[in-house]
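After this come two complexes, each holding chain A, first together with chain B and then together with chain C.
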Partner chain A sequence: MSLARFLIKRLLQGVFVVWGVVTIVFGLRVIAPGDPANVLLPPDVGPEVRQQVIADLGLDQPLYVQYWEFVSGIALGVPEGLFNIATGQPVGGLGLGTSLTTGTSVASRVGRSLPATLELAIMATVVAVVIAIPLGVISATNRYSVPDYGATLFSLAGISTPNFWLGVMLIIVLAVQLDLFPTSQRAIGIPGVVDLLVSGQLVAAAEGFRTWLWYITLPAITLGTYFTALITRLTRSGMLDELGKTYVRASRAKGLPDALVRYKHVLRNTLIPIITVVGLQLGTLIGGAVITEFVFDWPGLGQVLINSINSRDWPMVQGSLIVIAVGFVVVNIVVDTLYTLVNPRVGFD
Partner chain B sequence: MPENGTNRRGFLKYAGGAAVTASLAGCLGGGDGGDGTDTPEGTDTDGTDDGGGDGTDTDDDMELPDFPVTITQGNMPSGLDPHDHRETPTDVVMLHVYEGLITRDAAGAVQPALATDWSRVEGEEAAQFQLREGVTFHNGDTLVGEDAAHSINRIVDEEVGFASPQSDQLAGVTGASAPDETTVQVTLDGLNPIVFSEFATYCDIMQRSWVEDRSKSEIGQTMNGTGPFKLDSYTQDEQVVMTRYEDYWDDPAEVSELTFTSAAESSTRVNQLLQGETDIIVNVPPQEVNRVNNSDAGSVAAAPSTRIIYNAMRYDVEPFSSKQFRQAMNYAIDLESIVSNVLGGFGTQTGQPTLPEFVGHNDDVGPYSYDPDEAERLVDESGHAGVEIELNTPVGRYLKDLEIAQAVAGYIDELPNVSASVNQRDFGSLVDELLTGNIEDKPPWYLIGWGEATFEGALVMTALLSTDGALTSWSNDEFDSLLETAANSTGEERIAALEEANALANEEAPWIFLNQQYSVYGVSSRVSWEPRSDERIDAYAMSQA
Partner chain C sequence: MIAPRTIRSLKRGLSRNALAKVGIAIVVVVLFVAIFAPFVAPDRPGTQNLNESRQPPIGFEKATTQEVPVKENGSVVFEDGQIVTENRTVYENSSWDHPLGTDGNGRDILSRLIYGARVSLLVGFFGTGLAMLVGVTVGLTAGYYRGKVDDVLMRSADVMLAFPSIVLAIALIGVLQDALEQSIPDPFVQTGVAPAFRSALGLPTGMPESTTLPGTIIVVVALVNWVWFARVARGEALSLREESYVKAARALGANDASIMFRHVLPNAITPILVLGTIQIAAIILLESALSFLGFSSANISWGFDIALGRQYQSTAWWISAMPGLAIVITVIGLNLVGDWLRDALDPGIEGEGGV
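So, the complex of A and B:
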């Protein structure tokens, strides 16, 4: 199968997955408790006004009509049958609707939060890969030694530590007690740094990048710890598996230096399954950053999701979930494509 | 503030806010540059110098201090349109830029603001406000009667603007007009004894032409008021930055730059305060109080709020249909212990639906005493011995709500003739049941809180206990009649009716009376500020410690 056909096939599969997610998200809205009209209206308004608002929101329509308008709105970017309470105008735009609480575009709000979440997910991945792979290699090449036990202990602790607890501890110790990092928030994002760079403010851009790093360090460690532990374990077991194979003995018998055998041949082969896991985990991190974002007041999709759930702002909840799902699907397609390119033994089948 | 890195505020200044933030809605446009009023000397743009009512224009040569302050709430404002929201966090942001005709001081007393005089119009169902002269909007234009009238109409009349969610906050107001440049006449649909209470709490004044020149969406993204601070930048859901308005009609604020941020997680807010990243935080949980007070960074300051927490008992279902049983529930709980142990002292015991600071509070009525023997006797007398009851409570909505509910149910469960348990509920679904307008949809016994910023006991009792109240759980003809009397009278007669209604509520015990919730703030040691009962965090009242 050619690369083009492979991509088309995966994209079509992705469309069905996203459609499934959209359907589930719609179903969640239907079965979830809490009437959006109660969020929008003061408690003592009359039933007529309440009914009018429910009608304006399209919530008095049969479910299949609401579903059709919802799905077609997302697919085609046409009004979804929802109305902006403030203006009385039908909702249009990019198909994700308008926030019930702020009256602004969901697509624009979600789009603005996405870079923060992506930055966090990517930095957590970088932290994980930079720490985990060397640690896994050291652990595997020094089997049953002190470094191996240390790495194993670290992995166990990392996998079993809940990240909300870890985040709070990091804040208390490294930010409040030792004053090494800020406790929370995001002073500037990568788009801001790029803006400065493009406008020629090089010193400000460098300072912006340093500030960004300073703010993202603790959240990235918090989000990446579980991942780090996982990759360490994978690297260690993968290395051990590869080290026992005959090509390693053959290489050594040919007189190749041990370091060359380990890092050029063994590690390279070990990395193939790790790339898959890293890719999949990156997708998971985009959706899984909710708690970390909450603890660190990081203005990403997770914050948007929690705030909108609390306020029953369903268009915003739906928009956030759909963007997370699409992100996951896209990352998966990219990883699968890369995997087949990195490992020629796997074809585009 | 940490010295070893660039802080958020510092960085934004350094890099230039517009380049850094993605969606700044911008500084106030137009007139800012052209009004020639960027001097602290207090010369008004129209040449008048009437002293702004209090005769407190900025002293000549006075150097205004550089004193930036950051306030961190649990949520960011839902938008910047002062007439399109119902939330306290949004209100706290608004009050720094927009002002009402009249206002309240920290004790809740009505005070002049943009109006210097107000009165009822003889022989008419109307009220009149006399505007302060020489007040300017942040774009440099002078406040006139048309602006105030349009603002009132924008709230109460859908045809003028939009369906404002605040229309009920000006209940009884049907419209407004401006007979001349400094007078606003408000028409009422009856006597409306609380009209000035309503205006002291609600109705921010906007500039008519500014509003009419902008779309609804633009109005929600920028600000142009008359208050002591003017908008500098706004990043939706992230921060609002304001700067001191030096041509304010009263003394300019001591705070030079005011930033609003939010952190939903209480421990995050506490950590920000301890690290010096913010100056005022809201809702410090009782378990964090010592951590704040033991630090050098700040301390905890608390004030009784306008919110009452109570357990409603539906009068139409057994066993709560029995007055003896309802009274027994009040005698069964040790409210003093709940306030001191569960709430860490951050609460006041109640024994009537009206809080002490409110109009109509009956000083002769106290909380029920803790008397489990009397409770047991009353339960037996009610004929409901052996009953099992379940308390429905939201979780995390009010300060220690679940813990209060568990304590209440625990005390009642200790009675030998009643079994009580707690049912934790999602707030949204509980509120759905309370708001259907049908008493049968409500749970028989539930914990809920109610805030009333107007300081009017009548509004609390009407909404929560009158037969037709939006959230009522009770019906009593005598009580309804007393509220009716209060609604159609003023002065002493009205107060007496409300006090009698409170005494009756205490006797009939439609609720288990619980606590007045406190607003608990963390305040940086660099800021001097006293919290208020009405949950307003007023940076204008802040000074350097």
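So, the complex of A and C:
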């Protein structure tokens, strides 16, 4: 199968999954107890006002009409004719509707919180890869040594530790007791740093970047530890598998230096299955980000989701769910494609 | 159902693997403590005693210097209209009444951990059981019928996998809320066996008469995690349906349901059980995260207690630290048992693990 056909097939599957996601998200709101009008209105309004609000929200329509509006709104970005509670003016949106509690566009709220989540996920992955692969290699090439036992113990503990607890402990030890890092929040984001950079304030940009790094360190370690442990484990076992193969013995017999065999051939072959597993675990990474954001008061998508569930703000819940799931589907397609491109042994099927 | 060959390879795995023994020991201890909570808990888990608030664990007594008023004959001394004070060393005492210390409301942390184990294990076992039931049924059906049935079922499984498990769980809790909460009576307390045992030993009596069974959380974790069982069961069914004994049963006129559950399932049981062990650990982690976020109705739970301790993070680290250690130790135990089963039986499965 050619790359183009592979991509088309994978994209069609992705579209199908996204449609399923949108349907589930619609269904969740339909079966959820409670009347959205109650979230919008004070309890003492008369029945006419309530009827009007329900009609404005489109909730008096038959379900199939609501479903069609919902799906077509997301696919085509039709403005939904909802109104802003504060101004009384209709609000459009990118098809994700309007928040019941703030009256603002769900799409813009979700869009504003996306960079924080992405920063966290990327930094956690960086932490994991930078620590885990060398650790796994050392562990596998010095089997049954003290570093090997240390790495094995670390990876067992790492995959068994709930990240929110790790976050709380890091805050207690490194932020509260030793005062090395801030306890929570995100003083500045990468978009803010980029703004400074673009406007030519280089010193301020450098200072901003340093602040960003200072604030993101603990959340990134919190989110990254599980992955560090997992990748260490995979690197070690994968490397041990590869080291036992005949091509390794053949290359050594041929007189190739040990280091060259280890790092060029063995490590490269070990990395391929690691990419697959890391791709499969991206869901865990995003899920972990939700909790990490809660622990560190990090203003990302997870915070939006948790707050909107607690305030029964269903349009916001739906918007954040859809963005998280679609992001996950897209990343999976990218990982699958990269995987087949990197690994000549796998065809596009 | 378990072949002698399987038992032999399990034993061989155990004799080679010291860590597996550690894992089994941990799981047995946690199970024992959870089941017999009203006998082993040193104190009542829910009773507040503000006089003993934030007592440190044994070994963490702390001496601090505080400015305290000087008292003569029981009353404060004034000098120039000011209260006379002196610097005195104040000890935060620990006591064997509360070996792991007390929380912000003076409740015994060890007793709360013991009762919290009940919630974690109930959700872990029932949640995994329900996920297994749903997942295996869907997976066997998909793998056995193949074709359109397979496509529809497994594509819906793919849709479920597009949500990170914690995210889907939070959304489902938003829908179900606490509709399915139950409380189950504690037979040891109800029959009077535990109270008699406790008063004979001079332990505090008045243990809780029932345990919360967070039904919503159980249903939610099952709805989130059935997919992994479905994938494994489907893979097994796809290959087993071509076996001669399945064809023979079909030729003899057995109906599809009986072929699936009497001929295919028993031969697919090993990988399903191995996945089950790993899933108990994953579900315990998921439960603790949901209670930490405040989505569980259980008022004693490891995750919930970690969240409770956060307001004391600068004065009493142990309130959050201890429940987390309980989770880590339990999950390590389950993961070690899972590793042992997987290495000994080698079913070659994957599954989402962490939170």
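Here is the rule we go by: the second predicted complex is superposed on the first by the 330 of 349 C-alpha atoms of A that agree within 3 Å, B and C clash if a C-alpha of one lies under 4 Å from a C-alpha of the other, contacts with A are read in each partner's own complex, and residues count from 1 in each chain.
Just so we're on the same page, a contact is a pair of C-beta atoms (placed from the backbone, for glycine too) under 8 Å apart; a residue touches a chain by one contact, two chains touch by 3 or more.
What you see is a predicted model; the values in this text were computed from it and never measured.
When the shared chain is aligned, chain C comes close enough to touch A:F328, but chain B does not. Once the two complexes are overlaid on the shared chain, A:G283 sits against chain C while remaining clear of chain B. When both complexes are overlaid on chain A, the residue A:I306 reaches chain B and chain C alike. Judged by the touch definition given at the top, the superposed model places A:G103 against chain B, while chain C stays out of reach.
In the superposition on chain A, contact is made by A:V168 with both chain B and chain C.
Shared-chain residue A:L28: touches chain C; no touch with chain B. Look at A:I188: by the touch rule set out above, it reaches chain B but stays clear of chain C.
When the two complexes are overlaid on their common chain A, residue A:V176 makes contact with chain B and with chain C alike. When the two complexes are overlaid on their common chain A, residue A:Y226 makes contact with chain C while staying clear of chain B.
Shared interface residues of chain A, touching chain B in one complex and chain C in the other, are 33, 168, 171-172, 176, 294, 306, 312. Across the complex, chain A is touched by residues 2, 4-8, 11-12, 14-16, 19-23, 75, 78-79, 81, 84, 86, 162-163, 165, 168, 216-217, 220, 236-238, 261-265, 267-268, 271-272, 274-275, 277, 426-429, 431-432, 434-435, 437, 463, 469-471 of chain B.
Looking at the complex, you find that chain A touches chain C at residues 13, 16-18, 20-21, 24-25, 28, 31-33, 156-157, 159-166, 168-169, 171-173, 176, 226, 230, 277, 280-281, 283-288, 290-291, 294, 305-306, 309, 312, 317, 321, 324-325, 328-329.
For chain A in complex with chain B, the touching residues are 33-35, 38-45, 47, 85-88, 101-104, 108-109, 112, 168, 171-172, 175-176, 179-185, 187-189, 191-192, 195-196, 199, 201, 204, 207-208, 210-211, 214, 294-297, 299, 303-304, 306-307, 312. Contact residues of chain C toward chain A in the complex are 155-156, 158-159, 161-167, 170-175, 177, 179, 281, 285, 288-289, 292-293, 303, 306, 309-310, 313-314, 317, 320-321, 323-324, 327-328, 331-332, 335-336, 350, 352-355.
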